[in-house]
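The following pair of complexes shares a single chain, subunit A, combined with subunit B in the former and subunit C in the latter.
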Partner chain A sequence: MAADGNTERTLSVDSRGRLLGLHATLFEAVLLGATLFGIVSLCILFGYIAFDAFRPLTASIRWYLLFAGTLVLPTTAFTLYARRRPAVRSANTKAFGAVGGALTVTLSTYIVVDALSPYDVVLCLLFGGYLPVVLWLIVRRTKRTPQTGLTIILAAVGGLAVAHGGYDLLRPIVGIAAQWIAYFGIVTLPVACGLWIFGRRRWSRQTARRAALSALGVVLLIVALALGLGIDPSFWVVVLSAFVIPVAVVIGEIGVTDPAGRIGSAGPFVLVGGLSAFLAVERQLGIDGPDGYLTATLLLESWHGLNASSAGVYPQIVGSIVTVGVMGVLAFPIGIGGALYLEEYAPRTGWSGRFATLLEVNISNLAGVPSVVYGLLGLALFRNALGFPTGIVLSAAGTLGLLILPIVVVSAQEALRSVPDSLREAAFGMGASRWQTLRTVVLPEAIPGMLTGTILALARAIGETAPLVIIAVATTKYSPPDGVLSSATVLPLQIFAARSNVDPAFRHGIVPAAAVVLLVLLLLMNTAAIVVRNRFDRRSQ
Partner chain B sequence: MAHDRAGLPSGVSRREFLVASGTAGILTLAGCTADSNSGGDTENGDGSGTAGNDAGDLSGEIRISGSSTVYPIAQEISRQFQKENDAVGFNLTRDGSSGGFENVFIPGDSDINNASRPIAQEEVEQCRESGFEPVEFFIAQDALTVVVNNDNDWVESLSIETLQKIWSPDSAPKTWADINEEWPDEPFDLYGAATTSGTFDYFTEAVVGEEGKIRDDFEGTEEDDLIAQGVEGNKHAMGYLPFAYYTNNPDSVTALSLSDGGDDPVEPSLEGAQSGNYPLARPLFFYANASKLQEKTHLQEFIRYYINQSDESFVAEQIGYVPSTKEMVDENLSNLEAGSNGEYEWSA
Partner chain C sequence: MINQESTPAVQSTAETTEHTESTQASRGPAIEAHDLSVTYGTETALESVDIQIPDRQITAIIGPSGCGKSTFLRCINRMNDRIDAAAVSGALSFKGTNVYDESVDPVALRRRIGMVFQHPNPFPKSIYDNVAYGLRIQGISSEIDARVKLALKRAALYEEVSDSLEKSALDLSGGQQQRLCIARAIAVDPDVLLMDEPASALDPIATAKIEDLIAELSEEYTVVIVTHNMQQAARISDRTAVFLTGGELVEYDDTETIFENPEHDRVEDYITGKFG
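Up next, the complex of A and B:
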């Protein structure tokens, strides 16, 4: 301490030192200013958008009191309580993760499958999913060779080809079944299988089997109930299988295995309970909420060009999700494959090594090419060379796929590069081949980074407008896309079109509200990226 | 490969499980076919109930491209049509009249192209080269509105001749005082439609006197509200807009009355546009691809619906254009008949 005080005094006496100190302080202040400038101006912008979308000033004081009393206070109190206790906090995080993740999966599955027709999806799944798995198990059982991975890929491709070739014959057969049966096949069976596999690892084999069978039983029971009441059970099958069952399993497990943090799993229910209480009281007392534009109509209806209060963007939201999903399916295998080759296999010396370096440099440059240029590329490739009709999902997804491909490659390369070489060398030293090293050592280490990079690339693609304008994707459509060859529209394009509506209610109401929807979609994706990364990180430790 | 062997027992029961669940699935499938039949019946019942009122079960896609001025009409009518025929899918883009013709309609991608000006002779020839005839439908009129800043206190009306002087590249006055010495000695700030827009073609033709001829220091955009914002932001600015934009945003800018020749200045209004008193009344069109018209019954039905709706009052009250007159409806319907039978031929 004494020594410190001494140095400080000597420095403060020295005028040069004082000047240096001033420089340092000034420099720090400039850095702080730069940081704050960006953040504050973004906050103001988002605040402005949110203000237009929600119009908070139109709500009464009573509404705010009710909102605070039923939602904000209990949730805040619970969060504060949970924060003090590590066990409760971790259970709370887990429960929220389960509820949020399951909700996202449930809604997006239902929306996408509903748009694409559940029969088509179940047909693909039957031939491209279930059949290969069964085949794989049979091969694995009879041949006892380690080369079973190839079987599943070949069987999936073959199965899909059969489904495609025999579509006209098979589709009517599948179409005989009620819609909920298709949803049962798409959601419930995989969830039950997943539960069973998960259960075998966590609990006893018997419990796992019982859990999976009872999940199936519960879903069938609810179906019977709904049919008895004359309700279409499709939606409830999805909700029950993809939301209620996984959430119940996660929360039940917390309850059994973690007595200290048990109370933390109540977190989401405090929120949901508060929300329902809020809605019930609001309706009961007839309290006027804010007269904003972010309403159920906006989320669930289709577009209306004259009346802002009945305009909706449901087809646009579905279009965005479907397009980005197809894009991911197209771009990720290619991008990750390219990164794996460049990082793990590509020669480092000689002419071929130079070629690989050239490729790498070019890919890095491509990541910075403006999106309009990719639009032109998409137009030339899909419209002019391949002759696709304009504005279909496949060409939109392909164009966006080309756009994010370099980003995927670069981020996957970074992830692979962050795996220390010592791990690879150790694996080689144990006599593992390159493929074995890759599969068992490098990939498990690199997957979190790869996934983060790719999901962030998805988030970039969902907001793209310029390339889609170039390939003439529709700005307005009244129904969601029903396949990869059908035309679709995406949210950013509708926002762009609505901005020039003659009615100011669109420009200052619907546009910000739709922008908020887009931002929420984006945030959900980023959250998913973080959750996935954390999950894999924990597993690899 | 100890790994695989260790995993083997699990494989056995996994298979058992899959077989069991597969059997269970098939059984439930078989057991529920009866339910599904009844479900299917009710669905069909609903379907025929909603679509039964007019032409029956129409289905297919209709692609509409072109002018952003006509877009609101096309959007509203397609929305109404889609409500009644939910198997018909619409796909609307805003490319500007020329942009739509060139990039989408002439290559044969779109069924209908909106245009805020008549189709040009060379565009017709390009259509014929790619194998179809464009069928013309004149569906509404717009009063192109010349606007100035709200603080502009020196001008209330202009003659077309003065407008021509302001916008023509030959005179291209720098300041307001160059036109009239009593006006302020401040530079013009001009906003107008982009060159891909039919509004641009119409304005240059009607005001400057030659299509595409205009001074090159104005700001051109496809977005009406950018024009309004530009004019709103500068006291010495001037621009032109569709009347619909002006009526929906009357406070942001001030419209000028216009006079032609020695006549009295006329305020922009739908009545003025309809009667022909207002000098900048312009026709709005859409063009259909005749070979697609012959192929697609749902396209014929949509255009019939479109024509029959285009003289309704909502076109004026809600969208802000002059609706079709009875004569225009009849003319359009006969064009539709001729186009659907393959007998239509475009003539200027």
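Up next, the complex of A and C:
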């Protein structure tokens, strides 16, 4: 029948169909080729850098066996075991997240505070943080004014002004206290308060209070112990408050709420245990590891311009972290403020609307201006107009802050735009004022996106070199900065300087090793951005 | 009941909160429009509308798409303020106060005129926080638990969610979300409830539930409901207003009259489905 013949014709593969199939296959192959080319060339580049930094061929077979036996095997086995069971896997991820996050926070807090002087930080915190919060709580309790949010901001600004004005008087008073007390105020108290607030939501009021108080108690106990043994407890206060307590809380909670996945929280401990065993055996048996440049010396020591094996980039790491931190503090509020104005407040029609559109277009364009040009801007603004000394942290952070500001604004705008308008309508329809709508509906939805964008922008800035060369930041420094007004250098500049050292050990050893350090810093920041974004995704689904 | 001090601009009449049993005629209209027109730029969305919406009854607004039903509703609680292009002229009063008067605070107005939208739009918060939202932004901190529970009960949702109040509102079904939006709107005890096609995105069973709910709510609230569905208007409303293309209010009368014996041929054509 005709219909049958028809069906047969369309179903069988003819030469035209074969040709089309060939086209499709070819196209797919080209796409795959382009992807592979990109990935492989990146791998070769990173492999090359890592090879120079670690020098893996210099290690003995015994070392590799030890490495595999203590670190690779147990971790892999545990990961494979965890992957099969969803509950265990999620507990494992959570535990790793807690340990990694707490470790990053702990180390960067300690490094930054140590560089800036704990007494200065605690002074700022006292007047700009604790006093306003206490004041706010009092105002809230008595309910004198409806604008409690404004009180806290005014109090913080006023407090900081007082701290600044009375610095010469206040600093010696604060300085009487032992250093660990300053760290206690900087880290332990906020952690205990955070625990209390978090606990009130998660558990009961009583449990929360008990948890916060016992956190304080444990820290004080360790302090007493350390003082008894004659050790400076400062570092241990930070480690205990910012690392041990949060990790213990997260893992304790997994243990209670998720009995099926409980075993998963052992993941980080398998890794840490393996690492300790590895180090102990390595030292005990005197096994030689690879004779690379990425060593503890590189991470913890000061720069040395003549001898590559004793050169360290600790001052540069601190410089980078402090610069990025100050940059974030400068760029985040301004960028978010700009985005909020443009998205939520700016008029859309008339002359003022046109002005707002002009502003918006210009900000997007600024995001593409070459970084060297921002260097010139920084030079003109901070050195020539404001008269800052050459190469201080503040002008470096300010210049890079200007560089990332448009990116922060644009990504924050994107985050605000992704909040559905129906939510704003709902809030307005309930009789929320514009500010209430922002605070209760729009911001909670948009903040993760804003943070992600800002962190990615900071990650871009941490690798910037050109604008810092233009504003004459020192390319080599032997000590970390001790405040935002002191001079400092950053990792990429030191890499740049080491590249022209006459000693090849610098050019082919220190440079790649420092590059790996920089990449790891970058990786940490990107991971943070991804974690923030994933949390956001999970919540809005 | 709700914090009257915070809403000084909208005059509150004692009768609104007191009686429930007096006859319709003894109360003034809740909402009254005179020569109300709205334009979006050059486009006219409402053309000289005159209407008196009675207190504590259900008024349905029907008409083809684009005839200005939503625009009219959004005039009542000044949600049109959010649209720069919208220009309102004429008078619209709520309990005798001109809502477009300089001295009226739209925020205070919206606290007394609740709104339910076409697509359910719960906040991405817990069920409890959604219902408590209006109370919290008004600074009411007493008996939140009881008020939330009451609102959920009145919205016929309490049984379904009583043991999952802390769960995200986004996990609810579409019909449940819409009832949650109604609960959220009535938790603050408004005087008027505006509903813009509240059931158009829902399945028939959810729609039936919402209709029952609206019938019950009319004992305490003035309900103005926009609907696309003629049967729905006929089933639940006391009065019906028919808007036709061009933003014109063509006929406004008791629902029965509109559906059985309309004055205008165009209205009859529309109701019997000849166009629209």
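Rule of thumb we're sticking to: the second predicted complex is superposed on the first by the 511 of 541 C-alpha atoms of A that agree within 3 Å, B and C clash if a C-alpha of one lies under 4 Å from a C-alpha of the other, contacts with A are read in each partner's own complex, and residues count from 1 in each chain.
In this text, a residue touches a chain if its C-beta (ideal position, glycine included) is under 8 Å from a C-beta of that chain, and two chains touch if they have at least 3 such contacts.
Everything numeric in this text was worked out from a predicted model, so none of it was measured.
Asker: In the overlaid three-chain picture, which partner chain does A:Arg209 touch, first (subunit B) or second (subunit C), both, or neither?
Answerer: first
Asker: Check whether A:Ile176 is in contact with subunit B, with subunit C, with both or with neither, and answer first, second, both or neither.
Answerer: first
Asker: Pick one for A:Tyr478: touches subunit B only (first), subunit C only (second), both, or neither.
Answerer: The answer is first: A:Tyr478 touches subunit B but not subunit C.
Asker: Looking only at subunit A, is it subunit B or subunit C that touches more of its residues?
Answerer: Subunit A has more residues touched by B than by the other partner.
Asker: Looking at A:Arg141, would you say it contacts subunit B, subunit C, both, or neither? Reply first, second, both or neither.
Answerer: So A:Arg141 only meets subunit B here.
Asker: Examine A:Gly305 and indicate which partner it touches, taking first as subunit B and second as subunit C; both and neither are also allowed.
Answerer: First partner only, subunit B.
Asker: Once the complexes are superposed, what residues of subunit A are shared between the subunit B interface and the subunit C interface?
Answerer: Common to the two interfaces on subunit A: residues 146.
Asker: For a test of understanding, state which residues of subunit A touch subunit C in their complex under the given definition.
Answerer: So the residues of subunit A in touch with subunit C come to 146, 347-349, 353, 420, 422-423, 425-433, 436, 440-441, 445, 539-541.
Asker: Applying the document's contact rule, which stretches of subunit A touch subunit B when the two form their complex?
Answerer: 130, 133-134, 137-138, 140-141, 144, 146, 176-179, 181, 184-185, 189, 192-193, 196-197, 200, 205, 209, 212, 216, 220, 227, 232, 302-306, 389-391, 472-479, 486-487, 489, 497, 499-504, 507
Asker: In their shared complex, at which residues does subunit B touch subunit A?
Answerer: On the subunit B side, the touching residues are 1, 4, 8, 10-15, 17-19, 21-22, 24-25, 28-29, 32-33, 35-37, 39-40, 61, 63, 65, 68, 71-72, 75-76, 78-79, 82, 86, 89-95, 103-104, 109, 222-225, 242, 244-245, 247-249, 318-320.
Asker: Spell out the residues on subunit C that touch subunit A in their complex, using ranges where they run on.
Answerer: 77, 79, 82, 84-85, 107-112, 114-115, 117, 119, 121-124, 133-134, 136-139, 168, 170, 181, 184-185, 188
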